[in-house]
């Protein structure tokens, strides 16, 4: 009974919030008929155009999922490629509705940028790659050696402060773009290079003999990457957050792109029913200001979290990344979908 | 009649102000200024409001905060804990470094190419034309990428196997390094002599001119002051070496295990780095382990070669080489063939048993690759080396291990970051144990004069000492020089063609040879014509250096955009950048005006 | 001008009182920076009169006639052309320029326009004539200067003498009341000077008011009503050609004439 | 009297040419051999790379990205129609000017390029199989019209004006969906974007002229404003202005960032930057016009504006046409810098193509192939322009007309 009461209150709050923000961003997006998604257009695996010009990648799929949730149509996304420096302005000016551009959630960004981060979709961390036969096995071995680093993010600051803290003296070489950096490393200007772990793996395939290289078992930073929206629009924040949770949950409950239609009809698990907004459970989804089949559409469009991962980064891609800490919590990872209650 | 200027208009007739030419002008300006001020005011207001709304810095206070940006290439001392202001200053100096050298080289090559385009040799002429046309019609951005990732990275050998040329020049795809004279802590001893030399040179110049003028004679003036200066300054330099000794507060600490040391002045317990101090390091017996590598360089295989840090044979009494895992090596029949004793060797299997390395024996038939990943241990006896510490007082040697501690550190398997990995290197550092027994070295500080010759060497996988030019710098420089020289060549060619034909004819008529005509008559006049467009090319070169990020060179714009990304202070940084570039522009304009004034004087 | 009293009284180069005055210059002074180029010039010109200004180079003769149509701005004194005083008033300046034609030493034809376009430009744009009328007048004056066949050529294709004649036609088409000539023959080859001078002589005979700065003493003697001799920014002597060339009063004039004649 | 005689027969033939141009003197002979070795070595290596080592599949597969980036394939007829109209207009100019005119000299090679692409399209690109030949045909149609009715050139300025508007509408579209469905500006890229940014030279023209006139103005306020603008803009590199424009233009103008896409911001920066350079070029031209020209016009009673517009400017501009073409070449190359603000022009597509998953599978990457392809395309167009510039220079240098 108390649970039911609490739900009612919450519902009332959400609905009233929805009314207050009736002219909020969600409504604006619906009126406009397209979702504006700030992305990276130049990071293999996360966002890069294919030969036909269509963006593909891990982050892109989350844009599609949100569009599918709002419109029931994953194609109603306008991608706005952003450089690292453009991100805060684009977000603050309202140029984009949501920023899904491998952006690390940090305290500064929440406060200074005024960003609200939705759940982390990819737990990354800055790592190092070296030649297997270089004799470098830990950060201390970088003593007197050179490290290539890509500029524009916190990567070079992490590198500088960490190695300075360890008392290791090294030679940094800063690059603007990854391809040039890879060339510099592969041709031996640097003894090692550093970027986020996912980047290390994805670019390893581009080296002349990828198997000659290894990633050091050390990570010097936390890089939780996730979608971000602007402060001050709770309804829209909820939509983005719960679309992500829905994809997490879908994996946990075994809902996939292939079986989502069956699930909608035949699922017995009340969690699944609420997630998909199945008949009788519509209110769980409609409370977000979305149509009842919103998350069904999202899953239908891009699959569950696991499918997105495997298709873009994992075994279904050239990168072959392992899930690692991006596995579901029950597999020892950090991915944890919240319940639809 | 004394000219006196009236300050009233001649006319007495009353003219309505809207028809008065003078007042119309004033009104037009007034309106323009008001519109301008209003417009700019609105725009500035917009920006300030937007910045305040976005909580972005609009002042320069961020400059004092620690930057945390690692910068390798720098003309002044810098650490990651230094301020943004210092980081930007380094960027500015780096811009100047590439701009000044670039201007000189581009001029030399450009003039050469411009002259070649007018050569009577068809092939030379055509080559120069192709050079100019190809280079000036391809965007600079493309060219920088080309020089860096298609030429300078793949073609020169790697740093582990550098080309050591006579004269101490070392070349590799990390860059270029060569010996260089640096001022030491005793430079102050020399300064009075330098001042005296300058003064005396001035006196000599004045005296020589006066005597010439008195005698009404033509003669060269310059040798007198130059020789005076050289003699006095040279004497001072020589004297600075007399009675030299090592100051008591100068210390040298050296960690042999890490292969690095610091020269510093210690006063009252506080130490201050001492730059450019020569020190001697002697190690009785030490070992160094290196893995053989299979490399693919510019689409060609280099198989199973071992590369020890660059060492000369006379730096140690003896070098001994052995496989780290001797048994395994013997089992596989591995042998070492020295290409450059004692630094580069190939691992091979002597299949035909003739005791020497023959073609094809460096390929493992099982894998069709070389014998890579085999550890080789070098043991040196009585290693000694004299080094000069760098600007930051740092000295580096190869990271030797104690000779008894032959067992190589176990190479950990490659692994992606796994669940449970710590997200901080500090934790890892705390748990790491140093198992090797300590290595000790004998060190001594050498006395110096005012200057010291610092030689370049390769202790680990970077140049130390001497003057170092990174490959990033060289690639940017090369691209800028080559690109700009194509434009300069065209300007020079145009300038030469613009010298009136009559000049050539007159020169030949008074009996000058073809070469003399060109170098004494045509070329000087052409240079006068080409100077203004040349200066504008110099400015272009300087501005184009802002593309440095394409070659990984830490120039002003690169550092500024990193700072902007980190602080969000886009507007203050933009203002700083505009200011810096304007300073450079103004400097060039000043030089241009000076030279123009001189040429104009000569003309009269 | 503290020592003005000690200076000789300025020469008044007034026209004889007979005709109606079309140009009146009184107390004209001009400085280039600190350099005093025109000093207390007084000069008036009657309708139909031909005034020839001579003098050594740098004496200010060109500056004087350039002041008359405001190509140079004077600082002191009064210039009245056809009853309009030249002041800072835009309207006055425009009107005076419309009513005075000027011929330059270096022709100053517009090289990007044909001869005909050169001539019709100002009438159509300034006088707002119809194109047909402007062309008709242009052909009339081209005929008059003796080069009717060159109408569709570009200035670069003409000889110097032809160019200068086109320039004269260009000025005449505006039907000016006064023609100013600024050394019209100095840039010409000797063999074509004659054809330009002939045009000017004809013009003078037709009664055009002309102020001519020239070194052509023959022209001055033949058609000049009055000759003005200038030196160092001042009018030194004024007189009829006979008086001037046979019996000049001033020593400075005599020495100048002795050098050039 | 001495009768005129024919001149002695001039020595010619291959051997004479060789001796004159390659082996006249020992120094030149040595030079010839050294140069020959260098040339042969370079050509050999280049050829080896192009025909043996290169892996061109990745470049070939991504032709569309290079061309139009993400422009929707179903609407490709629109940019190609715009291109066709442009070729047609150029054709009219070339046809009217005659086969030997400079415009024809520029037009025919471009038609040649389009013809080559057309052949490739017919053979390999089914979606644009008929579009490229169509553009080619429009070009020749224009040429035919121009040579048949040379007077049509009179209407050409109107044609270009209409083309700018129609071209923009074709590219951006009018309706949501349908044949003329809207294509957001941010999807324009590749060589299409390079060309669009290149048209920034057109608006920079009037602005530059205004600045140049302002700089020559007698009114100090206007004069110093223009000097300040020109010198500050020219003083700093273009990438800095791109950077500033992309970050701050929406803030400065206080407009919604969406109504000002990144391409527009870059366009503004490029236009103003180009205008500052244009101003200096025009100023050079103004200085080349003799003072007497203005004086003569003023003496005829023309007003200051009439003098400037009818007399001074036409002459000034004619004098600096070669400099302006030179500037156009510079701008064409400088469009490659928009990568700094995240735009994907022709140069940046190269970057993307070399990091696509397929490219990662090629050992050593495809950077060099991509680089070579990009360099050749840039070179083709820039070189064509510089040839045209040189012809202009020659022709204008001959005489005033």
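Think of it as A, B, C and D in the order they're written, each chain with its own count starting at 1.
By our rule, contacts are C-beta pairs under 8 Å (C-beta built on N, C-alpha and C of every residue); 3 or more make two chains touch, one makes a residue touch a chain.
Quantities reported herein were computed from a predicted structural model and do not represent experimental measurements.
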item	value
Mutual neighbours - chains that touch chain A and chain D alike	B
Chain with minimal offset from the mean of all protein Cα atoms	D
Chain centre separation (chain A, chain B; CA means) in Å	40
Rounded Å distance between chain C and chain D, as computed from the means of their C-alpha atoms	50
Cα-centroid distance, chain B relative to chain D, in whole angstrom	35
Centre-to-centre distance between chain C and chain B (centres being mean Cα positions), rounded to whole Å	67
Multi-chain contact sites of chain B, meaning residues that touch two or more partners	145, 149, 296, 561, 570
Residue numbers of chain A (touch at least two other chains)	85, 89, 177, 179, 183, 208-209
Residues of chain C engaged with two or more neighbouring chains	none
Every chain pair meeting the contact rule	A-B, A-D, B-C, B-D, C-D
Chain A residues within the chain B interface of the complex	84-85, 88-89, 92, 112, 114, 125, 127, 131-135, 137-140, 143-146, 148-149, 151-154, 156-157, 159-166, 169-177, 179-181, 183-184, 187-189, 191, 197, 201, 208-209, 212-215, 217-222, 321-322, 324-325, 327, 332-333
Of all residues in chain A, those that touch chain D in their complex	33, 36, 41-42, 44-45, 48-55, 78-83, 85-86, 89-90, 93-95, 177-179, 182-183, 186, 202-203, 205-206, 208-209, 317-319
For the chain B and chain C complex, residues of the former touching the latter	1-6, 9-11, 13, 15-16, 19-24
In the complex with chain A, residue positions of chain B that touch it	53-56, 68-72, 79-81, 145, 148-149, 153-154, 158-160, 173-174, 258-260, 289-297, 372-373, 394, 396, 399, 409, 411-419, 421-426, 428-429, 432, 459-462, 470-472, 549-552, 554, 558, 561-562, 564-566, 568, 570
Residue ranges of chain D in contact with chain A within the complex	61-62, 64-65, 68-73, 176, 184, 186-187, 246-247, 250-251, 256-258, 340-342, 344, 351-352, 354-361, 363-365, 367
